[in-house]
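Quick one: the structure is below, questions incoming.
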Amino acid sequence: MLLQAEGLRVGYGEMMALHGISLQAGAGEIVAVLGANGAGKTTLLRTLSGLLSARAGRISFDGHDVSRRPAHQLVRLGISHVPEGRGVLAELTVIENLQLGAYARGGVRKSGGLDRVFELFPVLAERRDQPAGMLSGGEQQMLAIGRSLLARPKLLMIDELSLGLAPRIVHQLMDLMHTIKTEGLSVLLVEQNVHQTLKVADRVYLLVNGHIAFQGTPDALRAEGDLMRTYLGTD
Amino acid sequence: MPGKTSGWAFALIAVAALAIAPLWLGTYPRYVISVWLIFALSAVGLNIPIGLASIYSFGHGGFMLIGAYATGVATISWGWPLLPAMLLAVVIAIAVGALIGLPSLRLTGFSLAIVTFAFGYMLFHVVKAFDLTGGPQGLFMPETALARAWGGRPLYYMVLAIFVVGVFWAHSIATGKTGRALRTLGTNEIVAQSLGINLLRAKMLSFMLSGVYGAVAGSLLALVTTYVAPETYTPELSINMFAAVMIGGSGTLVGPILGALFIVLIPELTQSAQNLSEIIYALIFCLVATLFPSGLLGMAKSAIRRLRPQPVPAAVRE
Amino acid sequence: MSSQLLASTIINGVLNGGLYGLLGLAIVLVFRTTAVANFAQGELGMFAGFILLMGVLPLDLPLWLSWLITVAVSGVIGGAVYLIMLRPRPNAGHLNMTVRTLGFYTLIYAVSVYAWGALEPYRVPTVFGPETVPVLGFSISYDQLGTVGVTIIMAAAFLLFFRYTQLGLAMRAVAINPEVASLQGINVRRIALSVWLIAGAIGAIVGLLVAPISFLETSLMRPYILKAFTAAIMGGLYSFAGVLVGGVILGVAESFAAVAISIHMREPFVFMVLLLVLLLRPAGILGKVQRGRV
């Protein structure tokens, strides 16, 4: 397993947000985490990427115990996290944002991959010298993903890929996840868009109030009508 | 702290001790205690913007300057009696406090802090420039009857009485409607606004109130030291007052009083260490600020709390 | 006003204003990346003057080398301040962090007075030489020329560094959003350390430029700190170019106030400029949007 988390307990002050979460992601796999608002999805990703410390539990990644590693070191090991809200630095230009993505790999020139990002997202090449804040929501998401790819991750974690985006863009980005996967990257998707996610995911976790209520294949989840209705609001 | 019965009892004992002590104490210790009480009064007032409303105020020395100079000029140059002179000081401080508070809504905390700092800095340079205020030499206060009679004890009791009144007033402000409003806006301005708190008025009020305290303290300082010199009211005074509140423990009643004790007493106590005293003061200042962010009071509280086990808080990874 | 007086007023204003701007750059950099208002920024410069005079000059090295050593030492002091005074208890809040710099300000001043006395002027040799040159019919000293020159070089280096280097870009990222920066693999604490190193070095450069022109004494930088803060605010606490332009405008304005109104009005005048800028252009003279952190 590329990523293996066991028994993660995470809280804010007195309140616990995750009550012992175990989760795995293999190489070249798309794993989705679904759950309603406040279920703890963001907290989980932030813990995995080293922004938050777990009070209990272990995380191992690519053979290393990373439970206590800070975020900036995990990037070098190969975890890249597109945070909730995308984390595009609006004051910086598109190219500067991309350069930051390659920071852990010694800059864009050394990292290579800029051409590839521009090939995936031609619009970024067109607007390379504009402030990132001028991009549309979809373009900002592309920038955030492109920036993450420049860190040459083994695992790409995206918090709410589809939030606030037009269906056409969501489609395009989900396709992209598939392409990335075939190149051997693993993807951990946190989503509320159930239908789109179940189409691309290999395995799904359903998070309910900081517990894992289900894990398995998309088909198995679809078969759990009660879970789908109660926690994901779908029929 | 007053509020619990034990707090009131403690306050009562402390005031009683401060009231009987001068019957035995000599002139110098009495002088030191007076200076402490004056700085404590000033710090208690400064705690209103800092501790309640979380507004940086780096110009509190300016209010003390206003108090000292208004009292000095009115009594010496215009021959006013003491009380009207002090009243004048308070009125000016209120007006100036309102002026400083006026732009507070348009400014970020940092900018407002620099404005307050600049205000104290400007006054320091202005009083040095004019003959009315005695120029660079400053003003010598005539000896008042309060200081002459009974070895100066009446002046001491006046300081103590004003200090006690000031502390109780601050307590009632902090626990009353104004205090609640200031604390709310200090935590979250948007919430405060939605609760119908007039932000501008509240912020201006916090500066005006702290101005009253500063001016009265400055007046008393002029009387006790019998000397109004620009060098007393440098920007460093503002910094020391700010430090007193933060080191003692902002947002509490006892904290600023403790902090004032710190800034008055440490230099006095370490005087035997000759020129090293300033360094020792600065070192302790640095140590407390760095290791005990919630001040001396917080340090005492956490020492008590450490006796009980605590849950580990969520923390950003090191 | 005679043209001679006019020229010297402008030159003085530009010269001082450039120094306010430089110091303001360090203040903005520290403020943006570590959210601390560094009140000790000026004192670092004063201390550097004494390091040069007392520590480095006795080694009898060439003057320029002594200069560089002093700047490096001061940078190390800046870094040490960060490590010793700002690293512990990092979640204590801005107010407490600012109090810590006030503590350091008090400490560095106390140590200097202890070692070198209050109000005791020392003469510091200049790297530029004592001569004057005629420029357009006015005589300008090498010192003035050199100061302006170093200021311009420093300002340019600063702007280029932030625009074109990886480290400069990383610092800007940390200033905008430390968390997003750390997700790009940037070690935010190491960046903060570098920022304080730079702040210490800039403080030293300003101190070493001021010291030979006025006499070196323990309160050397007192008049500078407020003006540097004002310059920082004129730049909206954000734009480096705005800080530099703001510093120069402030310097020239106060220089004219001193000549045209009264020398005593020079300091109060700064307050008026500050208020004016804050009321008319709260986002800074070149700014569009306010992005204050506190």
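To keep things simple, chains are lettered A, B and C as they appear, and every chain counts its residues starting from 1.
The rule is short, and it goes like this: contacts are C-beta pairs under 8 Å (C-beta built on N, C-alpha and C of every residue); 3 or more make two chains touch, one makes a residue touch a chain.
The model shown is predicted, which means the values in this text are computed figures rather than measured ones.
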- [ ] State which chains count as neighbours of chain A and simultaneously of chain B.
- [x] C
Open item on the list: For this structure, which two chains share the highest number of contact pairs?
Closed with: B-C
TODO: From the Cα centroids, identify the chain that ends up most central relative to all protein Cα atoms.
DONE: C
TODO: Name the chain whose C-alpha centroid is farthest from the C-alpha centroid of chain C.
DONE: A
Task: Centroid distance [mean C-alpha coordinates] between chain B and chain A, Å - done: 52
TODO: Measure off the straight-line distance from the CA centroid of chain A to the CA centroid of chain C, and report it in whole Å.
DONE: 43
- [ ] Let me have the rounded angstrom distance from the C-alpha centre of chain B over to the C-alpha centre of chain C, please.
- [x] 30
Open item on the list: Going by the contact rule already set, what residues in chain B reach two or more other chains?
Closed with: 315-316
Open item on the list: Using the touch definition from the top, which residues of chain A touch two or more other chains?
Closed with: 51, 70-71
TODO: Spell out the residues on chain B that touch chain C in their complex, using ranges where they run on.
DONE: 50, 54, 56, 103, 106-111, 113-115, 117-119, 121-122, 125-126, 128-129, 235, 239, 242-243, 246-247, 250, 275-276, 278-279, 281-283, 285-286, 289-291, 293, 315-316
Open item on the list: Quick check on the complex: what are the chain C residues that touch chain B?
Closed with: 31, 37, 39, 84-85, 88-89, 91-96, 98-100, 102-107, 109-111, 113-114, 222, 226, 229-230, 233, 237, 262, 264-265, 267-268, 270-271, 274-275, 278-279, 282, 290, 292-294
Task: chain C residues within the chain A interface of the complex - done: 166, 169-170, 172-173, 176-177, 179-188, 291
Task: chain C partner contacts - residues on chain A that touch it in the complex - done: 49, 51, 70-72, 75-76, 80-81, 83, 87, 89, 91-92, 96, 99-101, 103-104, 107, 147, 151
